[in-house]
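Labels run A, B, C and D following the written order; every chain starts at residue 1.
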Amino acid sequence: MIIVAFLTGVLLICGSLIFNRNKFINYLLVALFGTMLLGFGAYQYNNINTIQLSFFKPDSLGILLLLALCFISIPILFHSYRYIEKFNPDETPRSRGLFFAAMVLLISACGVAYLSNHIAVTWIFVELTTLSASVLIYHHRNIRALEGVWKYVFICAISITFIYVGILFLSLSLKQAGIDDMSFDSIRANYDKLNLFWLKLSFLFIFTGFTAKLGLVPMFTAGVDAKDKAPAPAGALLASILMNLGFVGIYRVYAIMTHTPLHTWANTVIIIAALLSVFVSAVYMTRIRNIKRMFAYSGIEHMGLVMLGLAAGGVGVYAAILHIILHTLVKPALFLQYNQIYWVYQSKSIYDVGNYFKYNKTGAIVILLAFISATAMPPSGLFVSEFLIFQSLFQSHYILILVTVLILLTLIIWGFGSNVFKLLFSPSPKTMDKSAIPEISPWESFSQYVLLAAAVYMAYNPPQRFVELIQDAVKLIQ
Amino acid sequence: MISFLLIILASFFFMGVVVRTKSIASGRRGPGIFQPMKDILRLLKKGSVYSKTTSLIFKIAPVAYLSSVLMAILMVPHGNNPGFISFDGDFVMFAYVLAFGKFMIIISALDTGSSFEGMGASREALYSMLVEPAFFILMGSFALYTGHTSFFTIFSTLHYGSYISYMLGALATFVFVLIAMIENSRMPVDDPKTHLELTMIHEVMVLDNSGFDLGLIQYTSYLKFAMYGAIISNFFIGVLPFWISIPMFLVVQFGFAIAVGVIESFMARFRMGHNPQFIFILTSVSMLIFFGALLVLGKFM
Amino acid sequence: MEKYFIEFFNLIGIIAIISFPFFKTKGRGLITLGVIIVQVIISSIVAFYVFANGPVSHTFTGSFITGPIPFRIDFLSAWFILVISFTFLTGAWYGLHYMKKYKDQTDNLALHMTAFILLYNSIIDICLVQNGLVLLVVWEIMALSSFIAVIFEHNKKETIKAGINFLIQSHVCILFLTMAFMWVKVKTGSFDFSAITAYTSAEPAITGIGLFLFFFFGFAIKAGFVPFHTWLPLAHPAAPAHISGIMSGVIIKIGIYGILRVLLLIKTDMVSLGYFILAVSVITGVYGVMLAIVQHNLKKLLAYHSIENIGIIGIGIGLGCLGLGYNSQILVVCGFGGALLHTLNHSLFKSLLFYCAGIVYQKTHTMDIEKMGGLLKHIPRTGYLFLIGSLAICGLPPFNGFVSEFFIYTGLFNGLQSNDFLFIMALLFAILGLVVIGGLALICFTKAFGIIFLGNSRDHEVRNFSKEKPMDFFPLYIVALGILIIGLLPVILAPALLKITQMYMSASVIPVTPAYNSILGNLTSVGWYSLGFIALTALLYFLRHIITSRRAQTIEATWGCGYTGDASKMQYTASSFIRSYRKLAGSFLMIKKDKQEASGLYPEHINQETHPYDRVENWFIDKPLHLIRRFLNRFVFLQNGNIQAYILYGFIFIGLVILVPVIIEKLAVFFNFLNQL
Amino acid sequence: MIDILLIALAMTLLYMSIANRLHTYLRILVFQGFILFGATYLTLTNVNTVNLLLIMLETIVFKSIAVPWFMSYIIKRNKISRAAEPYLPYFVSLLIVTIIIVLAIILSSSIKDANLDKTYFVVALSTMFTGLYLIVSRKKIITHVIGYLVIENGVFVLSLAVGNEMPMLVNLGIMLDIFASVLILGIFFNKIGDVIKNPDVDLLNNLRD
């Protein structure tokens, strides 16, 4: 019931955001949405595992991701407000309204999709996210943005077609079982009756479809362009909660597979995709010269690691969930900080930047810490999850894969590092005029510090409840 | 104690003997065997000229050189009565103290800023580096052979059993003689009598030293000769009583000096380029000695 | 007490860092120095307490990720704490003066100081913590903060490059350690160090060796054993002088600490470990010094000498392992004792040398030896301190370098009594290595000191040398004093060393006192001997002074064989000084030489340059990296901006996943069919 | 009867592979819409009437009226040249599409599953892959959209195969249609008109690394 209320509320807010021209009221609406979201999250957390509307069941995985979403949405909304305010000369009330409406829609669609217990419902919300994301990507109405959104939309259209075909095959395999309730629980409940052939096909198609959202080989391509072209706060969303959406989809279907004899086959498929993803990210990290795209590729690398952990099983599944949550906390910090970089240099090419430490101390420290986190060096939180993932690979005797991954990661750190330190320390190019650099208040970076600190805390000293939730989510996988 | 005095004594006539031998070999009567010492005394009386490039280093170096050699001599035993000071591994100390002196003399050569002396310094540094291993392996094989690790204990317990051990002794003597020649940069690696600076090693390093300093340096090299002679003599003295050992010591010293003289008069100096490999031969030979020692002890398997 | 020590210790550092925003640069500098001094005092007190009353330990209840976190301060930790603290003290003090030149770069300095304090705290924590995961964390904090400290002059391109190289290599190092700890964790389910002992003593020896190799490679990268040394010669010239001094003095020693710690924990076939370490170390030492000689950048030269000294330390460690394997206590004492002592000594004279190099740099604004000459007249204090450092690093009496080398020599020669042929050969090998190292070091530092400080300036640049301020030299004097004291009274350190070395022997064996006493006796006599040496030299110099003061003295130009013009260009340069060496060693090294032949009756101005290059770096870093780049760049077509390709990826993926198994299956059928024929 | 319709659909694919004018493609799309309309009526026998009506309405309105009309409107409005501009000669396209169909038949023959009507499967598969082929082999963005719509039709046929048991899935398919049409065409093509006059793939492949 509450979900319907929430969605209607969201739709109302979107509508009024689009049609209302008053700036103040718009921001008020956004704030309202923020509180609504928090309330929603709190409510769902309190009645976990209660079926709502027969399609929604906030299980622990959904709750975890929903809470992470709530946690990062607030700073992201705030920073998109700053973004719109601070530097968009050509910002019309309409575009502003559209931007916020799309953002609200995206956030809530993701949030609800986490909770859905029915593949079809998930699918619908995935469509919604594509719709809203495309608006965000196309916010700057220029040719490049157009290209980005075109690719994103088209690839996503193809990918959700894949998912749809996958669902059809799933239904075929259910046909044999003689059940017509397509909720994950019921499928998992009588996994032994499924027709394996169709199940295999359906997993393959659904997996491939969701890779577009998750940012994994083979369909990672459009996502990179999207994160590059979208405004940074939107990019932060695309790089965190939208990827999580893909993760949820794959995770739930994979959970079914693990109960069937196809388990090892599914693992192989996932490992292939994951390794390729890490490889691709290594290829581009070592040569990329566009800061935003670099962040996007590092996201691909992390998703690859998550999938490896998932496929390795054992402690790996725990690590995968932990890793994706920490990544959700860390990646937005980078994207939000990117705003300030752009304010300083008016460019996203690594050739035009330098000596950021001089122009914006606090921001530079954020970049430094976020770099440490994103490359999972020990003081950072992701190190723990990555360590556990490696450990799971080690335990399940994927030594060769482990070594390959380690080499690739080293290369990635090299590429990432040389760019980041070029940005932070090497002297700024002669051409830029120092006069135009705006004075940036340290408080702009506050939220990023919070996010990074949260990541470290969650990793090294996780609250008991948090651990329980993850372990409960792991139980889906046998 | 006794060995110290003996070495000082030997140092007085040693170079004289060498010179005498050489002049006889070249058909002259030659000066008396104490002539070199007289020259040194003359030098010590003279005043000296300093280059305006030089610094304090240049003044300290000769003294440090002398004192390093003196300290080294303190450790040389005489048969079965030890030197002033003796402890396990003192020959390591011995080598390093000498190295200290060498270090000082080299930098003092560089101190003058003259290209000739730089040349000499560079050669000196390289050759002494090449000599070190031979000495250490030789002492190592003695340590292996006798099971002791100090000059005194080694030489007091050194005794030749089988033929092969005599052979080893001979080889060791040979190596030591050559080490002494190189350390004092005499024939065949260096010819002090040549007057072409480009081909000298030790002499060219002290071009700018004069008067007192020059005297010290030259006397130091005599001392060095005597010291090596003493060590060589220790190969043969063993545990003999004084009334045999002391004459034996003198005999060895004389023999050594004459040998030096003979070599210098009948051998030509090597080409500079050939010196390194020649010097390195010593290391290989001492390796052979080492294996010989292993063989004797039957540890070779 | 120890509990509060750790918390209090780190708390001070953190408070200091937090307080930075409220001060000006000068204040920050003073705070840094003050904090370091306070922390040094505290930690030294604790270390001495440990030496007096035995090890202390305390366990924190960590989270369920880390498991319990034991902190244990035993003799080994205490020793390293003392070594590190001393160098950090002098380093901070010297750094305060050194950094005055850059006092306008406020933020940069603040970052640098933060990194400095973090560095000290983390490095001390490394010596205490006994939990794998936490160790990794502290380790990386150490690596990162040292990275930040290194790239202080980050407006230079090569500094950044060197820094990133350093960062990547230390990351590889931590990867090895991660693998090792992961191994233990997977097998025993615990991060505690004691788990390593439990695991390896239960398993066959080969497991222990494998585990040790992982640890060793990890620590070797940090310590700079060949072939893992390539970051050192790049990072040292890039860093500011005090950081170079600290890095070469203690940071690379943390690798040694790690190796010693692991040797303490792992129970396995020590003999083969000993041979392995011995071989690696001898190669390291010889290779390091061989390259050091041909370097003409002073800091790079010193960096290669750090590699050489690591080799010497390694020889000691290897000897100790062999001693454990053949259970000969004298070897254990001499080996590990020598290694530990040399760790201390090297930290002293190497930091001193780097500090002097820093002063030289600030006076001449170059590190190129060929441009220097005659500095002794302008900056005499620096010169004589550098001379002391050089004599010490060459291991010449009466300075401390000799003592530790003597320690190791004693062990080596004692070992010759053994009956094991292989062992004797190994010892011979080691002796040879040590001797060659000594000789080459002599060449190298006669060159370094002679060319830099003696003769005349070799380039015509006129530099105005400001007067040396005596106050600035205080830390250097302290270090020099330490060098001399250890050189003369090595015996004062003997009890501590014996305490540590006994940790390596299993509790069952009772230490034989005569062996120790003989060693102590040697040390004392070495000390007396050195004292006598100094006394004699002084006496002789005094005599000489008295005599020559009465004689006539004239000051003339250097004898120039009749040439009376400006001879400063004719002096022997660094490269000509080592020319004959270069001819000998050229085949081992990689020296790019570009020379122009003089031609014609009146030849034009010609010049010749030699650029030494590191062969190992070429093999292990450059070539593989180049190949990998080439390989990766093959795949850049993936993101080609063409949407049709993007769509195809999806279909191709699905198609392959479906078809490949089918094809394989059919092939299998076909081959079975063939087999049946 | 139903088989005839499906085979007719397959025929249209062949025709599509050799068609060289955009309007031909549109007509074929319209025709396919009608075929699907019939197929829906014939297949979904035991679906409640309202839902059936809805589905059929969708097939008619979207697949055969709204979308084609809208696209022809776009073609006029943006003055897109009428030729399809394939990378490959038509003959090769024909060959490839034929091969696709044959492969689909072979593939489906390898499936041993009683509760799936092979005809649907073959036609759906071949339609989908033909759509893919169109996307890959044609140059214009608008042909990509057409190809995508063809894929949609294929998916729709597949959904019909399971439609009787799970009408909901068919509805989902409809949603997919609506979504695609609305998104790709509605929001999007106006913009392309605004920003670039001649929408050609070459103008939209500059985002690359």
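In this text, a contact is a pair of C-beta atoms (placed from the backbone, for glycine too) under 8 Å apart; a residue touches a chain by one contact, two chains touch by 3 or more.
These numbers come from a predicted model, not from an experiment.
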Looking at chain pairs A-D and A-C, which one is connected by more C-beta pairs in contact?
A-C
Top of the farthest list for chain C, CA-centroid basis, is D
Could you name the chain whose Cα mean is nearest to the mean of all protein Cα atoms here?
C
Chain A-chain D separation of Cα centroids, rounded to whole Å
32
In whole angstrom, the CA-centroid distance of chain A from chain B equals 79
Expressed in whole Å, how far the mean CA point of chain A lies from that of chain C is 43
Measure off the straight-line distance from the CA centroid of chain C to the CA centroid of chain D, and report it in whole Å.
69
Which chain A residues touch at least two other chains?
150-151, 154, 158, 284, 287
Touching two or more other chains in chain C are residues 636, 639, 643, 647
Identify all positions of chain D at which a residue touches two or more other chains, and write them in rising order.
144, 204-207, 209
Chain pairs satisfying touch are A-C, A-D, B-C, C-D
Spell out the residues on chain C that touch chain A in their complex, using ranges where they run on.
63-66, 107-108, 111, 133, 136-137, 139-141, 144, 151, 154-155, 157, 160, 163-164, 167-168, 171-172, 174-175, 178, 182-183, 185-186, 628-629, 632-633, 635-636, 638-639, 643, 646-647, 649-650, 652-654, 657-658
Touching residues (chain side chain C, partner chain D) in the complex:
636, 639-644, 647-648, 651
Which residues of chain A touch chain D once you look at their complex with the stated criterion?
120, 123-124, 127, 130-131, 134-135, 138, 141-144, 146-151, 153-154, 157-158, 160-161, 164-165, 167-168, 171-172, 175-176, 180, 182, 195, 197-198, 225, 228-229, 284, 287-288, 290, 293
In the complex of these two chains, what residues of chain D are touching chain C?
132, 135-136, 144, 201, 204-209
Under the definition above, what is the set of chain D residues touching chain A in their complex?
111, 113, 115-116, 128, 141, 144, 148, 151-152, 155, 158-159, 161-162, 165-166, 168-169, 172-173, 175-176, 179-180, 183-184, 187-188, 191-192, 195-196, 203-207, 209
